[in-house]
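Common to both upcoming complexes is chain A, partnered first by chain B, then by chain C.
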Partner chain A sequence: MRLTQGTFSFLPDLTDTQIAAQVKYCLDQGWSIGVEYTDDPHPRNTYWEMWGLPMFDLRDPAGVMMEINECRKIHGGKNYIRVVAVDSTHTWESLRLSFIVSRPENEPGFELIRNEVNGRSIDYTLRSYATEKPTGERY
Partner chain B sequence: MNVVSPKPKSSADRYKAGVMKYKEMGYFDLDYVPKDTDILAVFRITPQDGVDPGEAAAAVAGESSTATWTVVWTDRLTACEKYRAKCYRIEPVPGSENQVFAYIAYDLDLFEPGSIVNLSASIIGNVFGFKPLKALRLEDMRLPVAYVKTFDGPSTGIVVERERLDKFGRPLLGATVKPKLGLSGRNYGRVVYEALKGGLDFTKDDENINSQPFMHWRDRFLYSMEAVKRAEAMSGEVKGTYLNVSAGDMEQMYERAEFAKSLGSVIVMIDLVIGYTAIQSMSKWCRRNDMILHLHRAGHGTYTRQKTHGVSFRVIAKWMRLAGVDHIHAGTVVGKLEGDPNTTKGFYDILREDYNPMCLEHGLFFDQPWASLRKTMPVASGGIHAGQMHQLLTLLGEDCVLQFGGGTIGHPAGIAAGATANRVALEAMILARNEGRDIMAEGMEILDRAGKSCTPLAQALHLWKDITFDYTSTDAPDFVPTVSVA
Partner chain C sequence: MDATPEVQRAVDLQGVFDASGVAEVLDQLDAELIGLGPVKGRIRELAALLLVDRARRDLGLEGRPPTLHMVFTGNPGTGKTTVAMRMADVLHRLGYIRSNHVVSVTRDDLVGQYIGHTAPKTKEVLKKAMGGVLFIDEAYYLYRPENERDYGQESIEILLQIMENKRDDLVVVLAGYADRMEKFFTANPGFRSRIAHHIHFPDYSIDELLQIANKMLEEQNYRFSPAATEAFRSYITVRMQQPHFANARSIRNALDRARLRHAVRLFGERARPMTSADLMTIEPAEILSSRVFKGGGVGPGNFGSELEQAEAA
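Let's turn to the complex of A and B:
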């Protein structure tokens, strides 16, 4: 199962050249880049771990690529890693772009748990097979 | 046009019993300077033959504020000068013989705070049937900050919707379930599942799918939510289906919305024809219940489309942002339904920007401040397909929902394949645009290349490559940009 969160998950995995081009676009818009990773891919797991703070003062795509690669060295293969672009413009003040740049080799997917309640109604819960194990042992 | 304000009358003359010209009653004052807190409206007026355009404009101002057909002494019990709407500007419509634009100012005290129904009952209440006018169209309004701030606005708004869905940097993708009538609940859910599993973010009930003999609403909700949750499990993404809760009365609408919430839906849907009060009530319900509110503009074409009579959609768009909807259908330009590119740009700006500068070429007659009111996501729906992705992205931008109904469900390899084609086309186009490529010039090349590693996209491009809807628009702006010599 391929996790399709993030903007470019339906395309073949991006090359570093392609990632750098997206980073450059974000920096050109005045946004800042953050790198985040997680081993809990649940769609409502909002807070992935931050690989340092968003890089507000780093305006060079090559520098961002270096950080992405440092993060990959430690977490690549064991975590999902995403690049996020943050925009502090008034009335936006949120993310502008978010895409996955590294994923575990084996993505076991999700179980849909159906709790039958109130006649025909169902109380749905989504659970990642990976998170059945403790963090650090999931991938 | 030679129009002047009449000389003010003495009080005794002004209130003498009988019938008097509206112009002389205080509804026409070209020297009036609108206050920052005034609500402004511009009407396109086509007077009956022989009726003075100034008198017609004064009549519109009068009939949409305090006037009646004859002088009434009870005016003198009130601060009537303040309450009279004033036509402060009148000008001919470019390229027309007998039409004028009349700008009218209304004092803020004429309106109840936070009520579209009160605003519309004044501005479009009686006056559209007024006999001395052949036709009348409300073109645009300026809603002052003082009035905007009396509304809650969208319950969710573009930014928070994106945060909740965890989807950034691209238009959202949807599809309306087809055929719109006749599917059983079980069959209906199949379409929802396939489309969402294939890569769409949303599916949608159509405007007239409520609770009919072939499918009662509870069945639709139960099967659709099974499909949504199943597709979430298959993708790891948040998905949604616009469950249409429009019904014959508010009690049933609340019941349906509560049921949608209990099943875990992130979004509910209403139709414009439920009325402004019901829309505002549902918006407040959505605020209380963390729900996104989708509005289908069912019925608007009856009064927005013809240029001489009715209400422009840009006014409806403003009212609906105030009323508090998160999504509204606002045109596609390239699809099967009415939509001039410049006029549509005006609608999108009204919904998405925090400030709209006057722009006559886009049909925006006034500067419009939104005072940080949340933004409404425009929805492009009707006759669009993957092969137009570069045009859609260029014309409509990324903060919108692209709704491919036939363009998903009609795919030769099935619904999921149709959805995948759309998603891949979209992501490839965003990637290329961000890389700095000229997507309008290279669009087809970008799509063809993406189709090489995605068979469903290649099939979609082949099937629909020649489909366009190229008809003259009935609602183009009256003003065209003049080329400067500089």
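Let's turn to the complex of A and C:
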């Protein structure tokens, strides 16, 4: 099941040219760009691992593309990789855009877990099939 | 794709030239920079090469994209940084770089202080410069043969790799004194082979320096009185013979100090009404009271650094 997190996730995977164009847009807005990766696709997993430090004061997407490709070389196919753009202007000071740039070939999807609590009440939660295995062996 | 490639397809070189807006940059270069004849000539040659190369590519005559990394040699204050900015404009208008920004760095920005510090630092600078021009001032400091554990070498290796692999994304300009750059290239042959264009910046003549001074004053709404022009000419003549002479930069410093003396003089005469001509005109007294004329101002041992020298002059 295809993971749909972040912007553009219902579109086909972006090509490198398209990624560069999106990054260019972010840079033109003055946002700083970070590259992050994870192998835990749970929607509540907000904090992904950072690939290096966020990049400030860039003018051109080539530097970001270089980092994305470096990250793909090590984590591609075994992890999700996303690009995040952070807006530091006052009152935003937060993420403005985040999109996946690389995903594992095989995405097993999520299991719906029903849990009976307080008599006959049921609460629901999600669990990724991938996280049955320890980190590093998931994809 | 074309079955008869012999059919003459024409390209309008003049049209490409006009559309690129390079003429504007070149004219600006001529107007704004005094002297530097050989440098301007080389930039025109380079612009012609790039223009023709682009026209060739438009006609499908594929060739290797030209190597654009450059080295600027010359004494301090001869306009290397300024020309680098103009060069970025030229390259940008011709479409060889995507933006006309210049990131100007020295050794401190590239080389780290402990193991593992250098690579991220160099890469960060390179990422910032991508799409534009990376200007490395006094590049020979990157290599310190006297210290074999120096991290400069690591930085050099990363630079070389990026200069080779990311030719479309980045143009590197190295700058520094001619003799020390020569030594640097002898020790790092990899650099020499990756750099296609060597531009030497000659020192300015006295007349050119005087022109530069007048231009600088004009920009700040000052002017020399005729006698002050002569005084400043003799100032330049004397100053050029003294150590630590940094061409246009020394001129700028001298003018800043003349402005200071000018202000002090006017303040001393504050009882009388001041006209705008008074406020604008620099008189010979402001020039002639410089310590440069007193001979003792610049002696080796008296003044070690450029800064102290500048204070004294």
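Rule of thumb we're sticking to: the second predicted complex is superposed on the first by the 137 of 139 C-alpha atoms of A that agree within 3 Å, B and C clash if a C-alpha of one lies under 4 Å from a C-alpha of the other, contacts with A are read in each partner's own complex, and residues count from 1 in each chain.
Methods note: contacts are C-beta pairs under 8 Å (C-beta built on N, C-alpha and C of every residue); 3 or more make two chains touch, one makes a residue touch a chain.
Keep in mind that what you see is a predicted model, and the values were worked out from it rather than measured.
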| item | value |
| --- | --- |
| Room on chain A for both chain B and chain C (clash or fit) | fit |
| Which superposed partner A:8 touches (first chain B, second chain C, both, neither) | first |
| Partner chain in contact with A:67 - chain B first, chain C second, else both or neither | second |
| Superposition-derived comparison: chain B or chain C, residues of chain A touched | B |
| Touching partner for A:59 - first (chain B), second (chain C), both, neither | second |
| Touching partner for A:95 - first (chain B), second (chain C), both, neither | first |
| First, second, both or neither for A:112, with chain B first and chain C second | first |
| Which of chain B and chain C A:50 touches, first, second, both or neither | neither |
| Minimum C-alpha spacing, chains overlaid - chain B and chain C, in Å | 16 |
| Touch list for chain A against partner chain B, complex | 1, 3-5, 7-12, 14, 18, 21-22, 25, 41-44, 46, 84-85, 90-99, 109-112, 118, 120-124, 126, 128 |
| Contacting residues of chain B [partner chain A, same complex] | 159, 162-163, 166-170, 199, 222, 225-226, 229-230, 232-238, 262-264, 354, 372, 375, 420, 423-424, 427-428, 430-431, 434-436, 450, 453 |
| Residue numbers on chain A that touch chain C, as the complex places them | 52-53, 55, 57-64, 66-67 |
| Touching residues (chain side chain C, partner chain A) in the complex | 98-99, 101, 120, 124, 126-128, 130-132, 166, 169-170 |
